[in-house]
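Just dropping this structure here.
So that you can tell them apart, the chains are marked A, B, C, D, E and F in the order they are listed, and the count of residues begins at 1 in each.
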């Protein structure tokens, strides 16, 4: 069975800017990648559409379509929990739905937002839900959302969790401890960004960020990696300690 | 060329208790492992020998012999800079000697003490020297200790640095972010511990610690590792971000 | 249009002791100052009135009258959301009411409690609400409490937020990064304190604190400020970075 | 009136592993010790019973019986609030029930979980409830759960709060600032552990931990304590500053 | 043998303002109190005397006389190492002299400056020396300053270390975890302050601080302490965990 | 007398990349700006010149000439203390020379490196020296480097200190609390960058960084600043609290 990656995203666009490289790299390796968007970002991240006089349902529809296209460009599946944004609220129902996702996907790796973001409370809320659901999904005594108890092979293991990069890293106490080389995956990330036309000004912004993180990949790399010159990168923070049998 | 591991140890015994598993695992994989002891721990960690009325030189000799036996049991080379302990003092000469070691060993990985230890100032001093020498050894404009400039292939790359575990982890702000599975290497670590007869009471103490860290290896492991039941572990803290092309 | 200051206070008295100087200084400059009290402090900070056998409504009335007098002494408007205290609870309704306040006041500066206080959970709750409402009030897709969408000029900008001083600063991890000179405003602050007769013992306590913070104003001032000798001060912590075009 | 100790435990077993020594020591001194379990740990910490096909009520019953036996072995009273686990949810009703407990027990000392635990969200939830209820129970304006106001001697003072040790101390940012010598109390703690047969593998694990903390008791002790060789210990973190009239 | 207290003070006046209450309380209990001043504060804390045109030796003499009077008022012995200030420099000789002091005094408790102070680098330097000498004085292999090895009963145990309060507590990351009731000792502290006439303006400043810390003593005290109303306090931070056999 | 800005730079190029905007903005306002380079960066930051076989003196000369041109482009004076780099060593002589600079320049504002940088130990060393010299320069009892005592108007006040941005901000625990709008000054900063031809690849890197910080200037700005679209920025961290008489 191929490895699987689960990405828990507060709004419909976050996974592209912040984790598109990791997702595309997984897809390139033949792994399964599943994105779950807790909301569409319909109220807090769709200003231009509100200014055009669109209705709530129209805006949700537009965001959904764009996100599906971007996920497709990355090689990922996508689903939407439609929990509402600004604010995104934690609830028993939302948590149960997310537990079901974990048990269905059986992720080997989980990506989500970091736990602090002074500019957007939905991002930490998504992270708290992603973390809490991951723990609940491990417990055989915690029921599925339909009230049935999970079978022994339905509960999940202890997949590592990585926080992806917030918009203002230092203000969110985001100190990267993993620098991911996404050079080969970057063309797919760029293609996914271009599926989001309303945020065209961010295409170059996040391309520059990938270059910046790529410089750090090179500066921090060990001597034998032989990295090519035009390295592109993404930054992550581990939530749990790395388990390994070799220090490298 | 096989990978090489450099361990910078303040005193003659530290590398055994704190990093013996990592060292033996490297040796088991056919890698080169080099331990450099900055001092013998002759004043600060040899109380029983002083109480027996031995001289400074005798004590140094005993500690050297024991450390050589332990290194041998682990499969490592060992050398001694004899910089004196309690206190271990940083100096330009000591730093230059350590730069030479780095350039000679060309390490792929570096292990040393963490930067804080309220119980023993020599440990952070060793860490500061290990870190400073690593940066200097990278620079082509920094001379060797004999005054010659290094050739282009004598300078080192950017090997990752891992801090090994201090005696009282929490008091030293040691929050492990890497848990190393040393199950297969543990017999060699135990054998090395038994080369240090004056600290016999610590054999069981550090065996218990390996069990404790092993439990954490299991609790934090991803679902597909298939770890055996009797896992033994060591804990580490990375100083620089991990560079990788896959999140796991 | 004059600048405006919004102060979000958990209980009816907090704004006087902790931010009275900043409020009076703003009023002295001809700016608008608006205080919003989330509760009256009727359960948690009215022990003497409960001991006198007063009813809940009587206590609320007394606290309201005193707070109105204090606000008037400072030159500020005041309003009360009457959300209840001990505990002060965050709710969608409370948040919506606070969003309305932001959009109505259009503050240039926001003051509230810091995010930690081991002695009083209402204070951090007020801070969380003040911060969350500020972000929601910026979004054109977030409705007003009456369900209507805001017009383009009803949403707010990004006013800086300052946390005022808690009762036990160090225990609340309150490390001031702004020291405000309130020397000229202090007489109005003192007058406002004297509107709260039930806490007469705190008049001298907070006068002493103003002297203490004034000493720090002097110790940290640049050489050309020409501060008079009897400096009075208040301490604040910024939540967002300062934006400026001159370092000073 | 003898001193009294209140222990707020998320699940039915936590108090044994983490604070059994402190509880038994209090009982040995003739003090009153009361354990309140917020849940039975029926969903999150009873995997083996779910695998045996037991029902929810059966599992609760088993956990209750074991916890009562363990409390008895320690010399403590025990009660259960049955709030549900995985997740343990804070609610006004739960908080009011806990306020009643505080006012009934009038504790001189409070023990509970630390505020962070990345592996189990119920533990921090229990801590938040224990802390919030303690503050509410001090206020004469906060009603009892039956709606009556407390009499003057029903409210509580300001008992110190100690956090007991989580399973993975460093990952939970648990830096002990109190090391408790439990040598004399350890036999009762061991007896209490043995009342929990489903977790037999933890008996030796927590005995080893007591030895480890005992070594730290010795390393950190002042010169005149004359501690015997086989010291056993437990580690704690204070939440509020210690109040004393002698530095020692 | 009575208990003994060692106070390591960077300059000749620090011990009075910051730890006078603890010193006088120890003396009141019949304990030995020894103050060691590393410098006289002759360059950095004697501005008024320099402005009067006094010479370096005159200034040292004045500071010595005043400090001796203040120590006497507190009931303490005092000695001076005359290491120079602004900057106070750590050196092997200074450290050896301080090791001798430790071994001579055999302290049960040690007080010194905290490790951070952005306003005065001598204070952290004194703390580092006090801490390093304490560890060296424990080791039987570390010689006395005359080159002789210590006898078995000359080395010291592991006395707890408390940091006393810096001038700007929050800026120095000073978060008190011990609040000392100095009500009974305060008259001697005030008398000692009055031995320092050049800093007359600080008499009321530090009296106000004692009141402030006294309020916190009351706010944090357990219910059964029966503290009188006019409590005076001093604040401290422990460097090592407290060792105890009762939680209180 | 115009305001003056002092910039303490470890190597000959740092001030351009990291603080060129603040320097040029000061010059544009008619203020005096003085850069002091503690070393030329001759060993650690001149790899390409060593590879070309140049001598130490030649390299110093090249670096000096380039730095002078860059300072001139920014409108700043420049001087060199030639203390050596890799490692840059603190010494009494170096400190005394820097005290003289402070007293000569009488700065209203000081800029230097932050106190942590895991990639380059010279940067924190420069910061420590800049901070220590600033405190010594304030004391009338601290002599000038020629042994004379300073006159009353030769000592300095308490200028605020700002840390400029390190190469890898998060790894250096650099959390900006001041965002400086350098839009108008940026052309001079770019011109100064172009005076450093050996680091041509960094011209675009630091232009991108200015755009990135400019985006943050806009995101954090209050509503009335009316910032133009193409904002360029630099990030800073204050070391001492801001002193002000208006919150903004």
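Throughout what follows, contacts are C-beta pairs under 8 Å (C-beta built on N, C-alpha and C of every residue); 3 or more make two chains touch, one makes a residue touch a chain.
Please read all numbers here as calculations on a predicted model, not as lab measurements.
Chains shared as neighbours by subunit C and subunit E?
D, F
Starting from the defined contact criterion, work out which chains touch subunit A and subunit D both, please.
B, C
Please compute the angle of the rotation superposing subunit D on subunit F (C-alpha atoms), rounded to a multiple of 5 degrees.
That pair's rotation angle lands at 180 degrees.
Call it same or different for subunit A and subunit F: same when shared residue numbers make up over half of all numbers used at their interface.
Mostly the same residues.
If you average the Cα atoms of subunit A and of subunit C to get two centres, how far apart are those centres in Å?
Using C-alpha averages as centres, the distance is 37 Å.
Nearest whole angstrom, what separates the Cα centre of subunit B from the Cα centre of subunit D?
Centre-to-centre distance between subunit B and subunit D: 38 Å.
Counting only residues that touch at least 2 other chains, which ones in subunit C make the list?
119, 171, 176, 216, 219, 235, 240-241
Name the touching chain pairs, would you?
Pairs of chains that touch one another: A-B, A-C, A-D, A-F, B-D, B-E, B-F, C-D, C-E, C-F, D-E, E-F.
Note which residues of subunit A are touching subunit F in the complex, please.
119, 167-171, 173-176, 205, 208-209, 211-212, 215-216, 219, 235
Can you list the residues on subunit B that touch subunit E in the complex?
42-44, 46-47, 50-51, 59, 86-87, 118-121, 171
Hey, which residues of subunit D end up touching subunit E in the complex?
On the subunit D side, the touching residues are 3, 5, 22, 25, 29, 106, 108-109, 111, 156-160, 162, 176-182, 216-217, 219-225, 235-236, 238, 240-248.
Show which residues of subunit A lie in contact with subunit D when the two form their complex.
Interface residues on subunit A, with respect to subunit D: 92, 95, 131-132, 135-136, 139-142, 149, 152, 239-241.
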